[in-house]
Structure formats: C-alpha cells, structure tokens
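First the structure, then my questions, so here it is.
Letters A, B and C mark the chains in the order given here, with residues in each chain numbered from 1 onward.
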Amino acid sequence: MKQRNRWMLLGLVPFVVMVLAFQLAPIASMLAGSVRGPGGSGITFGHYVKIFESAYYLKAIKNSLLISFYSSLIGIVVGLACAYSITRFTPKIRDRLLMLSNMTSNFAGVPLAFAYIILLGNNGIFTLLFKEWGWDVFAGFNLYSWTGLVLVYVYFQVPLALLLLYPSFYGIRDQWKEAAMLLGARPWQFWRTVGLPMLTPAIFGTLGILFANAMGAYATAYALVGGNYNLLAIRIGSLVTGDVANQPELGSALAVLLAVSTIAAVILNHWMSKRSQRFTAAHASSGRASGQRRASRAKPWRAVKKEAGA
Amino acid sequence: MSASYLELRGIRKMFGDSTVLNDVDLSINEGELVTLLGPSGCGKSTLLRCIAGLTEPDGGSIMLGPTNIGELPPRRREVGMVFQSYALFPNLTVYENIEYGLKMRGADKKERQSRCEELLALVDLENKKDAYPQQLSGGQQQRVALARSLAVQPKVLLLDEPLSALDAKIRKSLRTEIRDIQRRLKMTTIFVTHDQEEALTVSDRICIMNNGNIVQDGSPEELYAKPRTEFVARFMGSYNVLSREEAGRLFGVAVGSAASYALRPESVRLLPASAGEARRDRRVADGTIESISVLGNIVRYSVVSSGVKLTVDALNDGQSHRGEEGAAVALELDSSQLLALEKEGA
Amino acid sequence: MIKSRAGWSHRALMLLLMVYLLLPLAATLLYGFAKQWQTTVMPESWTLEWFGEMFRDLRFLEALWTSLYLCAISVALSLAVMLPAVFVITVYLPKWETFMKGIVVLPYAVPGVVAAVGLIRAYSGGPIDIAGTAYILIGAYFIVVLPYMYQGIRNSLITVSAVELLHSAELLGASRKRAFVTVILPNIWPGVIISTLLSFSVLFGEFVLTNMLVGGHIQTIQVYLYRRVGESGHLASAIAITYFLFILALSTVLMKLGKKMNGVAEK
C-alpha cells in the first residue's frame, strides 16, 4: 500500500514544479526585490520609505483606494437593490436576467473602455448628442477623469455584486417577514431589524471581492487613460515595463503593497462567508430545509470572472 | 351558546384554476381551542393564512369581535401565529425575539422587560434568554416562537402545524404544554394539523377539512364515535369501511339503506374457532387471520371473513391471543356498532 | 404557489439595469456597422466596410490565431498537470486539500499586475531568461486558470464520488491506472470540459499579463485590439464585437453543457 502510494505522488510533481516556478518563485522574487539594497546587496526598507515619502506615489495609492472604495460602494448599493429585485422574479426569468448580466461581464477591460469612449469620449455619441441638444449639465463631464473612471469601474462591479449577492436573499425566509408583520413590524422595520443584519456578512464579503477587483483592475484604466491617470496598478506597470525609467525595485515594493491590500480584502470575504454559513447552517436545522431555496453557494472564483485581464 | 368571537363567512380562495377554499364558514368562541384537521392540500393552512392576512382570500368576511379584520393589514389584526418551521429571527437572541413585537408596538423598556420575563417563565426558558435560536433544540425553539407570539397579547393565536417538525417524543410533551398554556391564558386558538391523534388530544373542537370544505365538526369524542362520512371515518381512525353489500354479507342480514358503513376495529372480538354458540344479540362469523402486528398495548389483526377484509384490534393482555397467521378464528360482531355513513359531499 | 411576485417597480429596476449593462455593447455593435454617425440617436448610414477591412487585415487574423493557440496550449497543459494532481490530492491525500486550496486561490487574490512584476523579475536575466517569450506567458496563463481548473475537477470528482468508484473498481480486479482511465475519467469528463472552456474564455480575455510580459513581441487579440483603438474607432468596434461574439458563443456552449450535466445528475 505504502509503496503504491509513493507512485501516486509522482502525479503531483508537475503541479508542484509549475506552481513553484510560476507562482511562488515570482512572488518570492518580488518580495526580495522590494527589500533589495542598492547595488543588489543587503536588505533595506528604503523603497517602502521612499513610497511613503513621495507625494506622487502616495497620491497613486490614495487614488486607487478611493476609486476602489467608491466604485465598490456604488456597486454594492446597486447590486443589492437589483439582487433583491431579481429574486422576486420566477426562476426562469431570473436565470435569463442573470445570464444577460453575466454576459456583459465578458465585456470588460480593453473592449469596455473602448465602448465607453464611443459613448462618452471626447467625440462620443452621447457627448455630441448632448452638445447638439444643448444639455450643458453634462458639459463638465470628462470620461478621462476621476468621475469617468468611477463610472466605468461601476459598470464591471455591478454584475459581480449582483451575482455574489442574490443567493443570500434566498436565505431571508418569507416566514420571517410574515412573523415580523404579524408582530406589528412594517416592511422597512423588518429589513432594518432582521433582513439587513442577516445580509451583513454577505454584503461585507462581497465588498471585499469588489474592492480587490477594483484595486487590481488594470486593463480598463490602462486602455481608457493610458499612463495619464495616477493609479497604483498603472504606476506599477510603468515602473516595471519601464516606458520611462525602469525602477523594478520600487515597482516591486508598490506591487507588494497592492497585493497586501487585495489579499486582505479577499480574506475579509473568506471570514464573512464563513460567518454567513454559520447563519445558513442554522436555518437548515430549523424546520424543513427546502433545497430550491438554498441556491448554490459556489465559491466566488468558480462562478465569477474578474475584470478581464485585470 | 354565547355569540362567537371569531366569525368566518364564506371564505373563498382560488390558486389558478383550483379551488383551495370553497366558501368556508367557521365560528369560534372565546377561549376555545379549535383544530383544523385534514390531509395536506385540504386548505387548512390557507384558511389560517387568510385569518392572519398573509394570504388574501378572494371572497368572504372575517370578524374578530366587532371588527372586520379582513380589511386590515396583518400587523393590525392582533393575531399571533406560530409556524411549523418556528420562523425565529436567527440574528436575535431568545429574549430579543420575544421582545420583538413589543418593540414594534412601541412599548417602553420596563414594560417590555417585565412582559418578557413573564413569558420566559411561562415557557420555562429563563436560563436560555441570551442564547441564539440556532443554539436551541427544535422543541425549545418552538417554545420561544410560542412566547414571541403571545408577548403582544393577541386576540387569537394561530398554530400552523407547530409540532410537525419535531420528533415524536417532544411532540407529545409539547402538545400537552401548549394545551396547558392555552387553558391557563384562555387564549382563543386555532390549531392546524394533519395528525388525528394530536387533534384528539388537544382540541375542544375539531373541524375536519377536505378539498377546501369543512366536512364535519364537533368535539373529539363526537368525531371519533360518529364519523359522518367515509372520509372522516378513514381519517379519524382505522375504521373498517364497508359497502352495504359487504356489511350485509358479514352480518348475514340486510343492513339498511346507506351506501357504506363504518365498523370500529375494537368493536369486533376474536374468539377461538371452536366457540360456536353465539349470544342471542350477537352474530358470530368464521374468518381467517391474514396478518398480525403488535402496536404496543394493542394487537392489530387483519382478518378475512365472508370475503371481507377487516381490521380487528385486541388488547395486548396476553389472554386474547388467537393464534398465528393463517389460523381460523370466529368473529363476534355487534350490529349496533355498525355506523351508517353519508355520501361524500352530501 | 410559485408565481411571479415581481411588481412594476422590480420590472422597472431590472429594465434599467439591463439597459445600463447592454448600452455599451449596443453602441459598439452599431458603431461597427455605422458609416456616418454624429449628432443623431441612430447612425445615419450603414456599411460592412469595417468588418471587411478587419478580415482583410493580416495582423488581425494573426492575432486571433496567436490567441487561440496560446490559450489552447495553456489550457491543455493545465489539464495535463491538474487532472492527476487534483485526483491524487482528493483521493489519496485529503489532508493536504486545505493547503492546495490555499495555493490555488492565491491567483484570485493577487492581481495580474503584481503577478507580472514577479514574473518579470524572476525570469529576465539570470539562469532562465525567458522574458518576452511564449514560455513565460504560458506559465503565467497556467497560474491564471488554476482556480477554475481546480474547482471544476474537484467538484466533478466529488459529485461522482470518485473514492467509492475507485474502490469498487479495484475490488472488481482493476488496477489503479486502469480504474482511473476506465472509470473515473469518463465520469468526470463533462465537468472537466466545462472548466476547460471557462478557462479558455478567461485566457482569451486576458490583457494585463500579456501586455506586460510579452506585449512588444507577441500580439494576442486583446493586445491587437488595444493597438487599434487609437487608429479607427469603427474598425476597433468591429474587432471588439467579433471578439465578444466569439466569447458569447463559447459561454453558450458552456451553459448548454452545464445544463445537460445538471440534467444528467438529477436523474
């Protein structure tokens, strides 16, 4: 038995080699690079210090954090409303709607940026139309600015939020609403006291995924504003591929900071989904667990694609 | 008889093309516990939901005392409800669950507290007040649900199969507990179940429902002793239901004009096959035991006599044992126990 | 009792959402067919010129071909490596499952830019100098699809209760290798095909790693599209729509397969 099992281990060898070579080694190399001293010897935290002393890089970090935060927040609010709505339809219509929204999530990255340029760019259809019609409310709008970026980011955050959030609405059982109503609660009182608290883990968990998604998003911003807008991901890209000055150590340090933020956000999601599983496990034991209600809680990375090319 | 407290008139409900409630009338007196008993899909739960306002009937009126509650939203009907699946709020503790209705009604903190303590004592869960529902057993959760619905002092308490999700032992002890509490509070209560034994033990009055109609109502004794239709006879117990022709064959005489007859399994006595001479007023028939099953304190025989299959119950006292499967026996039949049944839907 | 409870407000919200989500797509589609389109709601005149130009463009066809074969090679490699690995871990070393899961989720948490930084540092210069070649890209692609492949293969193994299947095959006298090939593989195949196609569509849309690792040397469809955006809007629209339709066809096959599999599982 032992002998045979040893043979089985051979099946793992290619996997281990590939992961070591293309995942762990690069990460190690990046970590090492970020603390590499001048001239390639010794250990220094100078690169990190430099980042935190540089108004330019701090600005990039701040921009990235802000844009991720706002686009996630808007994404979650819109996603929440839409997720609730979508659970009110019959499963057949619901699946069609989800399919459509999921389909659009393939339209991310470069093509998405491009579509928005067609719509709202300097010579975009809407831009020209609004000018023609004299709607000057939109005259101040600039797609290549912060508001424009938020707008485009929100576009790929909403379907993601919708997809991650809608199953948890099936965890809110109709009988809780009925019980609350009979006890004298109005619908908004029910949502405040029971509904939203029940959704909280899912909301924060999704927020984590959205945040990580926006922090790491590169293709959309790159295609939309090129190197002109100061975002962390864009900064890292230009430092490493070196359009101007090649500073791989500094790029590595920035990349480590970015990875720390996204990993933290994904860990937040993991904790939160554990919490909500505790809740749902409790439902299952209370009374008949109806299979249809417990919509599949597939792991997010199974069902969901991130911003394409992010 | 005093004027009824809860009065349903002509409640009608359709789901698509199927009639779920067919002009149901029901009156309930104050402090009474009425059970709606019937197979699943008979409309009993829908009727309960109509009273609560969770399902809107297509027609009919619901009067609670002097108020027509049929027009009010659920939260203003002053009706409490306990669900089969407990429906406790999982994010709130036992105490907060019970407090919920009082809070919604804007009761002040002191009042809430004293009322909650009272109810926790009533359902004997004082030591669990800070637990979350998922930390309790099913029976405890259902007691919390009961306390929660009683906290706001509803005028009517609706229990929708409250014991069906529990296991047999707890079901029995909780049903006596519910009955005790109901008696103590003189709470007007409607209890929905599909379990006839449960209905017989807890009710003041039982309404048997079938296909959206109340087919018979009365006290548990009445219903058990005098089922009016074949449906009730079959549903209330293991009544033998015989056609007129079968009954005639069994008793050896023509037996009146009803279409079918019911015969209680414990009204037939099994005698040794040799017990030939009968008492004057009784009829003795020959039969063969087909199968025997021991159900605790009674033994249930399936006997064939004159081509009629009968269920016969005998006390499991060790004396009345009448042999193995396939053995010949004599049956002592009492024609006064034969109940004429009305036609279905008459 | 299941009926649509969706009131008008829900319908309106969904309509709004769909319009919002489909608008950029529709605009791109129309732009790809438009000859003249300025200051009107719909294009003034139509043409197939842009699609024609696109298919005459050798660089487009080349980029398409490059994308296809790079993705195919990477997915095939991933399949060849992941099938035995996930099988061994799930069936023989369940203790290591958590560890493997951790490794496999990592690409999901680490953004593409960061991965690119690491890869460039590790493989430009030094003993293994493969920066700018297809090798480094295929390696990177392998890591990108790790989560999808792992999850797909593992779920399939669990749904068909691979451990029990294998034991009964062995009790019937089959060797392990034979049991794997004759019993496990045919049963998990549909699920594996789904994750393969999903991985393929993910890679097809990959931009950041491609652009940063090999952007100057190898043009995939995404990189090509990026280059063309600046030149002609209409042509770029035609490319974007063609790309999108391709992905759409792929996802449709994916969904049909998934439905079919669920249907089989329910029987």
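Observations on the model:
Just so we're on the same page, a residue touches a chain if its C-beta (ideal position, glycine included) is under 8 Å from a C-beta of that chain, and two chains touch if they have at least 3 such contacts.
Since the structure is predicted, the reported quantities are computational estimates derived from the model, not experimental observations.
Listed by label, the chains touching subunit B and subunit C alike are A. Greatest Cα centroid separation from subunit A: this falls to B. Put simply, the chain closest to the centre of the protein, by Cα centroids, is A.
Note: centroid distance subunit B to subunit C, computed from Cα atoms, is 58 Å. Averaged C-alpha coordinates put the centre of subunit A at 17 Å from the centre of subunit C. In terms of their C-alpha centroids, the spacing between subunit A and subunit B amounts to 54 Å. Annotation for subunit C: no residues touch 2 or more other chains. In subunit A, no residue reaches two or more other chains under the touch definition. On the subunit A side of its complex with subunit C, the touching residues are 4-5, 8-9, 11-12, 14-15, 18-19, 21-23, 25-30, 33, 78, 81-82, 85-86, 88-90, 93, 97, 99-104, 106-119, 125, 128-129, 131-132, 155, 158-159, 162, 212, 215-219, 222-223, 233, 236-237, 240-241, 248, 251-252, 255-256, 258-259, 262-263, 265-267, 299, 301-302, 305-306, 308-310.
Contact residues of subunit A toward subunit B in the complex are 173, 175-176, 178-186, 189, 193-194, 197-198, 278-279, 281-283, 285-288. Residues of subunit C touching subunit A in their complex: 2-7, 9-10, 13-14, 17-18, 20-25, 27-28, 31, 37-41, 80-82, 84-85, 87-89, 92, 103, 105-123, 139-140, 142-143, 146-148, 151-152, 155, 176, 201-202, 205-212, 215, 222, 225-226, 229, 233, 236-237, 240, 243-244, 247-248, 251, 255.
Every residue of subunit B that touches subunit A in the complex is listed here, in rising order: 52-54, 73-77, 79-81, 83-92, 100-101, 104-105, 132-134, 138, 141, 145, 148-149, 152, 165.
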